[in-house]
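We call the chains A, B, C, D, E, F, G, H, I and J, going by the order they appear; numbering starts again at 1 in every chain.
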């Protein structure tokens, strides 16, 4: 089941640089784990923003909630969730 | 080059049903042509809306403009365009 | 899986009264069918508005989309969908 | 008498962790007390947010005000209150 | 129980003048009936707008909903409802 | 001459509690002085908010400005002012 | 007593040209009558808009309301009213 | 050439009082210099706000920019600039 | 003197096609006249919209107002005007 | 390929003045380097704001993203990106 998730990241000026680097690395590792599992199906950078547009493929709204709340950078994110579904015109069997 | 395009369709109440059906069919055929060409890379329905979220892969902003303005349902659409780029964390070579 | 759906209904001034009554009756019957099935779990009127706040319990985002698009009054509705999940503090086993 | 209450919680970065945990526990206990009393009739998590959608069943607007202002996490909340009433189409006698 | 109700009236250009006058008279009579009953406690014009700010004193949200939906000019109104309660600092016993 | 004034109070987390209590008391005393004088004609709490809706009866816009700027809690307030006038349908001679 | 009034005029496409011209002339004459009386103290065009920014000097909010509601183009206007007062730094005795 | 400039001033809680007084005095002196020169043609207080509505008469957009950026309170201001021009209906030769 | 002008064009569905074509041609000719004169210095299409971003170089706000109000497609436009000035860092003598 | 980029700069009160000056100088140097390369084609100040409107001419959305994220003042900027394309009516061959 598909959801578009738009994440805007805002790390405050003067935040500890080392801790920031640690969190970004943890975020990247968690992302790749979820991408490998097929859960975090797509991610794109938004040009000019510290932000991304992503598509998640999850079993339930609870699973999505738990994943998002557990992201290392979650405390710095503003998140917008939009439920999606397959488009009837699509010719791709696996266009998720 | 990637752009997210969000399309909201609003066909007015009382619009000629036959003409509406003709336009939707033309829209579907144009979509599939562009999907087959790899230009309209992704499309998803937004739940509860006559709307979609799409990702286009184009050569230039002019190409994108011409494609959007030429869509059969364009006169009924409200469109929002967001420039995207590949995300550095992505492990998929072709995640466009 | 739970979704809050907020529906605002706007039937234009001068719309045929008989057709309007027919659509409202069809809407009510469809609602009661979905309520009996446990899909349309909650509905409340918003005070002073021709609007409701509802909670749906569905298998998938596609099912929710099909239900909403098929409502007899759908062409007159503005709809907002918010994905929900069970709250960890709730003591009610079936608080859906 | 029913009111939808939407609560967004925002605990600032760097807030004392122990005090935060104490407040969350107090909030949970107060919630369960009010849920047991039938006053806080429904609560759902909003996916991806530290937020909930709730339905309160109260005797008066004053009672609702006193309850909300007294919540342990109130100083961290942004709150939106929407008055509701029973929907005439509902078949559930106790759909509050 | 008190609610602030803000009503904006928008009668479309070209609406039948006689019917408009009839509805405004009916609205005025209904208002005075509710004012005499103590239900529609206050009403003020908003300067420069065909709009008013009102305070209702009702038994329940359902009563308020039925009153508002039944106003002769309701189909032309945009309505905003805000639940109020007595202010603890007020020295007026009946400041409703 | 009547004005609706909507006041939202926001005292920052961690503000000195004693100073806060002192300011609230001074605010209450100033309010009661103005209420006794008939200048601050109405005040209601907004449910779930540290906010009020008030109606002032003043001689001039300057008088209103001076009163508002001089409120002890003014530095913590967000204020919205709406000019009102008597409603022609009102049956109350003194509905100010 | 001073009020800033911002007026946006929107005469629909296809409105009868002769009637439009008649209303604009009546508006201009009413404006000049009020300008001569010192009531409509200032008026400026907003560049690129069929809109003006004005300053009124009136005895009461009721007077302002009656003036605005009586403007020949009122039915086509969107109006925003902002109460003003003399600025303490101004060196002009009559800066109204 | 005329521009409406709306200035909202927000000096943070706890800002050094002496420095604040010094800046306000400098602002007042700069204002009066510009008023005497005919550049800052009008200024009014917005009721209930630490804000003003002003009209500037300048030679160019650059001159206006330099004036605004050089105001002693500029770092605390939110500014909105609207280009104006003389209204054709005005009977005042010098209504600037 | 420079102004950014953003123009959104909205010709209603069902507008007479021949008249529409005539207006667009007149608009194009007027544009080219102003471009040749150096007044309409820049124009760009906004991707996916029937809209443009333009930069005008004019003698006065009145001249800009007259030009915009006289555009053949003006009755169909929503216009936003932003005053600009030369940037101090620019190395181009004629970057207008 | 053209993009309009609107940049609003907000350096917090009390930010170290020397560091601020160093960043502004670095920003200016980076700007001039990009202007000389033809990448940052246009820049204008927005009157009354610490903000600019710019037009970039880039090879790809990725190039634009990297440029913007690398600006010395980027951490203090709010950025809005709008994709543009050449306007068919323009007579200038190089109106980029």
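Note that a contact is a pair of C-beta atoms (placed from the backbone, for glycine too) under 8 Å apart; a residue touches a chain by one contact, two chains touch by 3 or more.
These numbers come from a predicted model, not from an experiment.
Chemist: Would you mind naming the chains that touch chain E and likewise touch chain I?
Modeler: In this structure, the chains that contact chain I and also chain E are G.
Chemist: Just how much do you need to spin chain F so its Cα atoms sit on those of chain J, in degrees to the nearest 5?
Modeler: That pair's rotation angle lands at 145 degrees.
Chemist: What is the chain whose Cα centre is as far as it gets from that of chain B?
Modeler: Centre of mass proxy via C-alpha means gives F as farthest from chain B.
Chemist: In whole angstrom, what separates the CA-based centres of chain D and chain I?
Modeler: The computed centroid separation for chain D versus chain I comes out at 51 Å.
Chemist: With centres defined as the mean C-alpha position, give me the chain I-chain J separation in Å.
Modeler: 22
Chemist: Go ahead and note the Å separation of the Cα centroids belonging to chain H and chain I.
Modeler: Here the centre of chain I sits 29 Å away from the centre of chain H.
Chemist: Would you pick out the residues of chain G that each touch at least 2 other chains?
Modeler: 2-3, 45, 47-48, 61, 64-65, 81, 83-86
Chemist: Each pair of chains that touch: what are they?
Modeler: After working through each pair, the chains in contact turn out to be A-B, A-C, A-D, A-J, B-C, B-I, B-J, C-D, C-E, D-E, D-F, E-F, E-G, F-G, F-H, G-H, G-I, H-I, H-J, I-J.
Chemist: Could you pull out which chain G residues touch chain F in their complex?
Modeler: Chain G residues touching chain F: 1-3, 60-62, 64-65, 81, 83-86.
Chemist: In their complex, what parts of chain H are in touch with chain F?
Modeler: Going through chain H, the ones touching chain F are 13, 45, 47-50.
Chemist: Taking the complex as given, what residues does chain C use to touch chain D?
Modeler: Listed in rising order, the residues of chain C that touch chain D are 2, 4, 28, 31-32, 35-36, 42-48, 52-53, 55, 82-92, 95.
Chemist: Using the touch definition up top, name the residues of chain J that touch chain A in the complex.
Modeler: 3, 5, 12, 61, 64-65, 68-69, 75-76, 79-81
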